[in-house]
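Next come the structures, one after another.
Next come two complexes built around chain A: one with chain B, the other with chain C.
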Partner chain A sequence: MIPHESAVGRAFKRDPEQAPTEDVRERVLELEAQGEWIVHRVPDDVVLLDTKYGRKKKIPLRHTWHHKSCGQCGHIPGYSTSIFWLHRKLGLDYDDPRDQTSCTAWNYYASATSNSAAQAAVAVRNFAAAYQTGYYPIIHCGTSYGHYKEVREELLRHPELRKEVREIMAKLGKPLVMPEEIVHYSEWVYAIRNELAVRKVLDLSTITVTVHPACHYYKLVQEDAIYDPDIYGGQRTAVVTGVATALGAKVADYSTWFDCCGFGFRHILVQRDFSRSFAVQRKINVMREEANPDVTLTHDTGCVTTLDKSQFAAKAHEQFAGKPDVPVMSEAQFAALALGAHPYRVAQLHWHAADYRPLLEKMGIDWQARWAEFEADLERLRRGEVQYLTWDEVDAGPGPAPVLKPFETARGVAVVVAEEGRKA
Partner chain B sequence: MATTVEALAPYAAVPLEEKERLLAQVQADPRYTDYLFGCYECGICVAACPSARFYDFSPRVIAQALAREDVELAYKQMNEDVWECSQCFSCLRCPRGNNPGGLILIMREVAVNNGLRSAREALEGYSRIIYKIMSTGTQVSPDMIRPDAFPDWGPTAAATADNLTLWRRAMPPETMHTTTASWEVAESTLEELYVIWHLTGVLDMIKAIDQGLHMILVDVMEETLEERGYSL
Partner chain C sequence: MTQPIVVIGGGPAGLEAARAIGDLGVPCVLVEARDRLGGNPDSASYSTITLDRRTAREALDTMIGAVTDHPYITVHLETEVVGRSGHAGTFQVSLQKTNHRNGSVGTAVDAAAIVIATGFDHFDPGRETQMYGYYEFDDVITLVDAERMFSEHRFVKPSTGEPPKRVCFIQCVGSRDRRIGNEYCSKVCCGVASKQAIEIKQLLPDAKVWIFYIDMRMYGHWEEKIYWPAQEQYKVQYVRGIVTEILRKGDSLLIRGEDTTLGRPMEIPMDVVVLSVGMVPSTGTRHIARALEIPQDKYGFIDTPNVPLDPVSTGVEGIYVAGAAAGPKDLEDSVGMANMAAMRAVALARRQSLVAAE
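== the complex of A and B ==
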């Protein structure tokens, strides 16, 4: 258990019956019964996790449709690649679709050049696309995840919005579909954390981690986020912290954990003086002074971007000059590295701005040798010997022997992910 | 910090009817009653707010102005304050259940729909982002990382720009070898997105704040939409 001052003296009893909010998933099913829409059921193999008020949430393990993130794929490509690599490492099948748009919420929160109907239509178009493949949607971006939950609430509350969106879908030749659960990838990583732990090939016991919980993951429609009484006394979301500790790293606390990263949506693109100032003064510097981390982990697109990219310009300020960078990455990248993923072919750390090399050295990764390998890849690409780096060249197989401990599942199915990994 | 009288002075010449018209549009949004339940004036939202630390901005004052139907102050906020919000939704800590960030989103929408000068100014330099998301279906693309656009991101921005095509080929996911979009979006998917923008009036919103951008987007989408029977 990770103690925290906020947990001391409080008896936080999670009781679904006493939850201050309704369980909207029940209303989703009611509307299906009334013929309003189709509910895309979570596949059979799931892990049950507790949400903030103790309700159970089904997290699908396999057969997932990956709703990619524009910021991750565009600017932090090792983030998405690591999520896929972990699936391949564990032998869990997935779909990486082309029939997917961004949720467009980054633009909406930045500029408001959209509206409820358009945002809902974009969301359910993607949901319908997933439904038509048979794969279940799992969402990479925290903002997409939070926004889609907002959209779900708006559609539930406002019949006229459902009608408008249903008519748009009809014009597109698509059904109106709502997933049974809206799932973030970090919930999936958390669900498989013990499977990751048995496959790790690096000793992370000397690595100190700080965690930045992503605002749009746990502040927007907060009752859907994953909590665990053994992590921060159930006072904060468990997802990233639970993964870091399962992998054997030490998680250190800092006082401004609740603060956002400074992304700002509009600000990160056209008013970055705010983003930089906030990220460095309220997050990075506080972490450095209070926790001295080797790395900070987070689970959303904007957070990795802002915390990572904001550190360079701050070096010009006398307050921060000469202070070491704090490397920033997603817990998916960190987990992939721990399981032996290549830091450049998979984690794609050359796209990151803060100096990650001291971290790799401390983790026992020879970054110079790995970079030489990657440069050799680039040379083959330059010469036209290969068109692309392929999965065949970076997949590492299922890893060490499986742990024969079944997951708790929603339908009583004993799923042993490790065995699936061995089949891969 | 300006007094309220000083803060409202720039808008004194705007007719009261115009201010009331815009506030009525905010109040008419179906989400409005989901987002506002009064205000205890406790300031928890301000304590949690990142923008309040760096700007003359307060989510509490936003909620109060709307709860009191303060036409003058709400008009000033729609013209200034709303663009400072970070949209992180830390203000959802409100013990009253208010959603100041959500209210601000509604106020921004009204500002855009009515082509307020403040909206046009706030979104200056942002047009390329709107163009990217509306035309490609992805908000940001790898080729947007250029050292002149992101000098504060350090040498990584230059290295990324210099090696962009090669680095994009050096990643295993088959959908991510793109440079002008974050991933490869199917043509049929883009067509469906264009239909959504058209049917929901988003193209009209763009016209209200940036006619040049609207013309470019129409140019991109016109053929696709006409093939589907929609006239722009």
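== the complex of A and C ==
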């Protein structure tokens, strides 16, 4: 099925001419020309990817400002650590800012207690913060990403909202800034998938993967999501699936791939039992019955947490009846493991609820030895010998030292690998 | 002498407009981008015409014959209109061969008026409706794929070539769908699906055929000539309900959805699922709107600001539209509009020639 082969020779051809929506990015530039705002241009080193209707989207490879996710940092910190670790592994510079705020999408999707100007102001404050560093914003959370794209639509269509937000920005001493592209981290991982494949140190050919595409990534402002004719005939977003296949894993299909993970925003707040039941009965059980995966990969905070932690609830109610857990992680964590990242120091799988250890064994990772190393780290912390783990210690994991080499981008630009990781 | 009228598009509406203009004794230049006339019924191998089920080939041959042998009509195949200058009564229309776009020298035609008949494209279910798996399951087909099989006097399960036992149609694919931005009804899909359901039963009397619909829109005489015979004579089962997804189930398909009459979910195995795809503006319609600087509606069809009493005038004086270039149309609408557009264009050309004679 991946790539899809049709006995009757059918192949979907995307046609930007048939796109039912306007290309809002053109409007973004028009507003800049009218002096309405500053457009933060994507840096030079980009990969051009196809979106849903065949338009091209610029994905920056380096010099990126990382808009982190509240849920990732709070519940699954190995998610964002793995994204940074991959940057370092490829020698692509980035900024991990300390003045980023939450996106307020919880407000937007779950309770609607805020207002348009406040929400838009939060979004563009983060955009302005990125602009002022010179680093380009890249967003870790699928919900923030979807929310910001909807904010972009609102700001484009409502001059009075732009005026209101511009005044708020002036009070903060910041300009009104709109990025040329709104980019999700999984688009970056997809853009570098072949570079990851070159650098992988584990054989994943025996690993079966299921993919949960995140609703807020591809169902909101859907024309901006990445598609590829080689992935399900160009009928599903390509981002996570393309990474798993590039790394050599087998991607298995299951019938409820389109369904929500169960998080649902309102549901996780006011009907959490429904979220747990949905995640287990409509997603995990169906995957297990139809595809028997070793792991399921996704690309959003809420999806990882819901699919992962709901399994704990199901086990507490003895609903698995002896069947194994289905480990859940982001494709960034999976890719980092494939490239030799430490499962605890980097991927931090000890924060995950579903049992991941059989997966690690199948991937060829000695999790007991790695855990012993991590316990030793903890002991050093406990004794006060160190305050935190450094990147040097993290890179000294089971894999080889970083292989930093230039590579070709879609525009034929060689990325010169130079400075090390995080901005000083 | 009366200036010619340029008709753009060689499908049913364009053929009929050209014939009408020629029959009124006015020179007509018919421009078609493909290498043959006939439009969608020809390129998509339509089998029969809704409503009378006359063969499409026979009907097209009649329409094409009336144009190609006409002394007042000049046909330009593999030719595109790439621009215009001038005003109503004194247009200059720029033509270019489609297969010599790079470096070729175009020609210009003087024209009193222009009739656009660039038609529609069939909605591509891969664009939006991933849950129907058109590009994943060979046995999910469209009305167009089915029509092609009927033109070969067969109806089979594409994956095996065997006759199917269970077939269903899903209505309103790409139409009446606010989520994807196509709020309009495509008008013909209910009738065509019902016609095809009858044809399946005629070819395969033992097959079971379902039609899942939001509501059936059988205009005028389609009601008693297609809808009721499909139900009463051919036992086609009409189910009011929405199919939400199609899954693979062994060698067959499983449709899931809701029967909204019974108010409960349904899961039914099928051998073949036919998606009743609607109409979207054709590539040619989008192109001609840009080339002639004609206003389009929000969907990309040619805008007709004076409907309902004047369905052929566009936003530019002297440029008229006929058929599905202006939005979903059946054949009756298309040829009716073609004649009205022809009459408006001829009237303008005659007025212009009288002014010139003074």
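The rule we apply is simple: the second predicted complex is superposed on the first by the 377 of 424 C-alpha atoms of A that agree within 3 Å, B and C clash if a C-alpha of one lies under 4 Å from a C-alpha of the other, contacts with A are read in each partner's own complex, and residues count from 1 in each chain.
The rule we apply is simple: contacts are C-beta pairs under 8 Å (C-beta built on N, C-alpha and C of every residue); 3 or more make two chains touch, one makes a residue touch a chain.
Fair warning: this is a prediction, and the values are worked out from it, not measured in the lab.
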Which of chain B and chain C A:V270 touches, first, second, both or neither: first
Partner chain(s) touched by A:Y136 [first = chain B, second = chain C, both, neither]: neither
Larger contact residue set on chain A - chain B or chain C: B
Touched partner set for A:W367, first chain B, second chain C, both or neither: neither
Partner chain(s) touched by A:V394 [first = chain B, second = chain C, both, neither]: first
Chain B versus chain C as contact partner of A:Y217, first or second or both or neither: neither
Partner chain in contact with A:Q235 - chain B first, chain C second, else both or neither: second
Which superposed partner A:Y148 touches (first chain B, second chain C, both, neither): neither
First, second, both or neither for A:F258, with chain B first and chain C second: both
Partner chain in contact with A:Q100 - chain B first, chain C second, else both or neither: first
Residues of chain A at both interfaces, chain B in one complex, chain C in the other: 258
Chain C contact footprint on chain A (complex, rising order): 1, 4, 6-8, 10-12, 15, 17-18, 20-21, 53, 232-236, 255, 258
Residues of chain C touching chain A in the complex: 121, 124, 126-127, 130-131, 133-136, 138, 158-159, 180-182, 245, 247-248, 280, 283, 286, 299
Chain B-touching residues of chain A, taken from the complex the two chains share: 68-75, 77-78, 80-81, 84-85, 96-102, 104, 106-118, 121-122, 125, 129, 146, 153-154, 157-158, 160-161, 168, 171-172, 174, 215-216, 219-220, 222, 258-260, 262-267, 269-270, 272, 274, 276-278, 282, 309-310, 312-313, 345-346, 348, 350-353, 374, 377-378, 381-382, 387-391, 393-394
Chain B residues within the chain A interface of the complex: 29-31, 34, 48, 50-51, 53-55, 83, 86-90, 92-93, 105, 108-109, 111-112, 119, 122-126, 129-130, 133, 137-142, 144-145, 150, 152-154, 156-157, 159-160, 163, 166-177, 181-186, 188-190, 192-193, 195-197, 199-202, 205-206, 209
